[in-house]
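In what follows, chain A forms one complex with chain B and a second complex with chain C.
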Partner chain A sequence: MRFYEFESKALLAKQGLPLPAVSRVAGTPAEAGAIAREIAGPVVLKSQVLTGGRMKAGGVLFADSPDECESAAEKILKLEINGHAPRGVLVEGRAPVAQEYYAGVIYDVLAKLPVMIFSDMGGIDIEEVAEKHPQHIAKLHFSTILPPSDFRAKELVSSLGISGSELNRLTRIVAQLARSFTQYSLTLAEINPLARLEDGSFICLDAHVDMEAEARDRQQAILEELGIGPDETRQARPPTPFEIRGAQIDAVDHRGVAGNVVEFDGDLGLVIGAGGGSLTLFDAIRRHGGKPANYCEIGGNPSVSKTCELTKLILSKTGVRKIAVMMNVVSNTRVDIVARGVIKGVIESGYDPAHKIAIFRIPGSWEQDGFKILSKYGVEYCDRSVSMFDAAGRAVAKMQQA
Partner chain B sequence: MSILITRDTTFIIQGITGREAVNVTRECLDYGSKIVGGVTPGRAGREVYGVPVYDTVAQIASKTRVDGSIITVPAPFARDAAFEAIEAGIKTMVIVTERIPRGDVAQMVELAKLRAARIIGPNCLGIISPGEAKMGGLGGRAEDARKAFSKGPIGVMSRSGGMTTEICNTLTAAGLGQSTAVSIGGDAIIGSTYAELMPLFDADEETKGIVIYSEPGGPMEADLARYVKEEKSRLPIVAFMAGRFMDEMPGMRFGHAGTIVEGKADTAAEKIQRLEEAGITVAERIEDIPALLKKRLA
Partner chain C sequence: MGLFIEVQVAPEASSKPAVVKKLVEVCPVNIFGEREDGGLDIIESNVDECTLCELCLDATEPGAVRVIKLYDQGQALERSA
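Showing the complex of A and B:
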């Protein structure tokens, strides 16, 4: 879950990381001008968007006067970057920089530990430094059981040959970054560039943090403080009303999962599961030339009402002609309960299950009971002797006939 | 033989009185597993299908040998439950719980490593050694598990619990039984990756071949490719890659928590290439796996 730069900075400041004296978001050119007047010096204006490539796209501009700042803000606020409209423009004072560094923390999922990354070549993409100047980058894992300790940060920074007061100041910053990472359940914490000013002090010029979605409940206090609401998913694109409704259906009832609904523009509605099964089936539908209206995941034995509501939601989507109900061989989800929920959803939507359900392929626990219900309503179903791929093919073939 | 569990493995279930845990208890007992106790704080003295419930893990471990634990407590309590099991001296933990924050998982795994213990999962359905025992919900009810899983020479590792059963069912139908099938979990950080379980399969004489189910996201497949090349594994591997469509939708989250494409090296296409370069056969469809495997075993 990605944070805007201004949110990232507000979060890092809580651990004491040094920010520019004035760093505020403006929603209008006039507000930007007012911030520049307060700074009373050269400023930088940065578009607040949840995407990279801001600089290249013209989302970062400089200004020497409040008037210049206003017109630069006007440009930035109108500029969409990679399809993202800016949340505002961040205005900060500009100070002469002696050197730029990089400091970051991520998880190394193979070592299963967080790793601190530091470079004395900041301001450029860290992957590029790693590739072209490996002697200017240092990495060091740190324990998740010991508290994030200054000595590890010191070892990291000194491994690039840095000593003196520069070492001591950088140690403090990198350790504060590591502590922020742990304390706020982040999966990425990055300061790039981290600048040493001509007077020897350090400042975070740009910052980027991602928080783990799984930790949202635990981090509710800080999310509220930053004004990030529970409905902000921060996916690659904002959720559609259809997807929001899907999440609501999933949240109403704790029994099982009927969620992760993603909207597409096809005509075949999918009630599919579970995590891996859905990925496999979505691929299969596309391989057969089918056009999915949605992605979703059911699993963990969802209740009849949950499956019913999800079915109704999918059938209510414009352009959906039929639905396919498919899963891998199930262990803990009951076939009969899914069958009941789907049939109820189709009937409550005013359709005939035999006509509306292209195929039902969920073999496994309680399958005999499930198949009995499906037979009663004349729904075409298949057992484990039909592969997921072939079941998807049968659904697509029906769409092409219809 | 098998890896990780046999019919002699004794284990407990933490969170045994939960709705799903009660079902898992029944399934495992019916399959022949030896469950020596369960833990739910405040519920000591009860029984779940004849399995005695205790307040703490130590109360069981002080009385009897406990080889493993299934941890199926809500996410906010999972880290503490894992710590409790590890500190009681248990060496194999199956963590079923989903949506545990990554930092908590890293802590459990780090402690397990210090204590020479192993974690399977989180966000997994456990382990089954067909004909021996099952530890977790894999395969569901014993009668259903016996339909999908059969004893034989194939080791199976899967990032998806459901697809473990689907793949083993396909293998069983083609006459290829399994030595052990492991649902390794769908999270970004898991206790045991493919490459970490491979040495166990390599050392198991009964295992003649491996099937893996994989997804976009993360470096686990590349790490398996590295293991196969560097350690010169004797076992032929067939892989199935789901979620190929995700390559067109970077940054979107589908499937498991670990399945998000963040960089080029994470994509299905890139992973398929890495696996193939290491001599791993990549199947297009699940039903193609048995024939590909038989060809490699011949």
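Showing the complex of A and C:
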């Protein structure tokens, strides 16, 4: 879940991270001019969009006077960047920068730990620094159980040869960033550039945070404080009617999950899930050369009606020729209940399950009953002796034969 | 009757208000309803949600309720008298 820069800064300010003294969003050129008058000096104006490439697109401008600020704001407010209209324009005072740094925290999925990243080359993409100047980048994993410590942050910063008061000041900032990351369930917290000003103080010139979407309920208080409503999905694009309908199906019944539907343009509908199974199976379909029509997640024993409605939704999508029903080995989802829902959905859509279901691979609880249901309707199924990867291969092969 | 499950309740049981109330109470997927006259209503749209938990069998006299798996050659769950 993405945050605008002004929201990211407001969130980081709660941990005491240093921000420009005046940093406010204007919705009109006149408001921007008023903020510039308050700053009484050179300002920077930044488009508030949930996409990158602002500078190149002309979404970041500088102004030396309130009049210049108004005309710059007018340009920015009219400018769409990558199809995104700006939420407003952020106006801040321009700081006399001596050096730019990078500080970030992300989650390392391989190490299964968050990692602090620091570089003494800020203001450019950190990926570029990692590729061209790896000696200028330092990383350090930290625990999600113990609170992030200043000591670890100091270890990270000092590993690049930084010492003295600069080290002390940067340590505090990096540790505060790590604490924000864990406290607010973030998946990314980034300050770039983190500037050392000519007077030796530090300031976060730009900030970017992403929050784990699943944490929205837990983080409701801060979201409300930032004015982010429950209807704001903050995804890369607005949900399609297909995806909205998927969310409605999931919401109508508390039993289990049959949602998180994402639309793609392929011809193989997917009813997939179970402990990371959705991602694994989606990738497996693509690896075999298949074209998924959708992504979704089922699990937690969804009701027959919920699975039925999800199946009907997927089959109603233009271009879907067959569906593949696959999960990891399940213990808290019943195979027979899913089988009933899927077959009912296929029949109610006016199709023959034997032809419309390319493969059914859900091993686990009540699989014997599930397999009896599938046998009755002539659906090809397999048990846990067939891997998810091979089951995906069978589904793709069937699509190629059809 | 659902696509996968059929639930049968003996007429002598379905006409007893106490049995009807018990069935309504125990079924986790709301297959049973109580009519205004106190008789039993089987809610067909919920029959396929049956989890085969057998609570309805446990709550009634032997032979009062049969739950039939239509996908398993008509195998029935029931308590014999």
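Here, the second predicted complex is superposed on the first by the 247 of 402 C-alpha atoms of A that agree within 3 Å, B and C clash if a C-alpha of one lies under 4 Å from a C-alpha of the other, contacts with A are read in each partner's own complex, and residues count from 1 in each chain.
One rule holds in what follows: contacts are C-beta pairs under 8 Å (C-beta built on N, C-alpha and C of every residue); 3 or more make two chains touch, one makes a residue touch a chain.
In this text the structure is predicted, and so the values were computed from the model without any measurement.
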| item | value |
| --- | --- |
| Partner chain in contact with A:112 - chain B first, chain C second, else both or neither | first |
| Partner with the higher number of touched chain A residues, chain C or chain B | B |
| Chain B versus chain C as contact partner of A:303, first or second or both or neither | second |
| Contacts of A:344 with chain B and chain C, given as first, second, both or neither | second |
| Chain B versus chain C as contact partner of A:74, first or second or both or neither | neither |
| Which superposed partner A:376 touches (first chain B, second chain C, both, neither) | second |
| Touched partner set for A:212, first chain B, second chain C, both or neither | first |
| Chain B/chain C common contact set on chain A | none |
| For the chain A and chain B complex, residues of the former touching the latter | 107, 109-110, 112-114, 143-145, 182, 185, 187, 212-215, 217-218, 235-237, 260, 262, 273-280, 282-284, 286, 295, 297, 299-300, 327-332, 363-365, 384-385, 387-390 |
| Sites on chain C touched by chain A in the complex | 3-4, 29, 45, 48-49, 51-52, 69, 71-72 |
| Footprint of chain A on chain B - complex, ascending | 20, 23, 75-76, 99-103, 105-107, 109-111, 114, 125, 137-141, 144-145, 148, 158-163, 165-166, 169-170, 173, 186, 188-189, 193, 213, 215, 218-220, 223, 240, 242-246, 249-259, 285-287 |
| Chain C-touching residues of chain A, taken from the complex the two chains share | 303-305, 334, 337, 340, 343-344, 347, 369, 372-373, 376 |
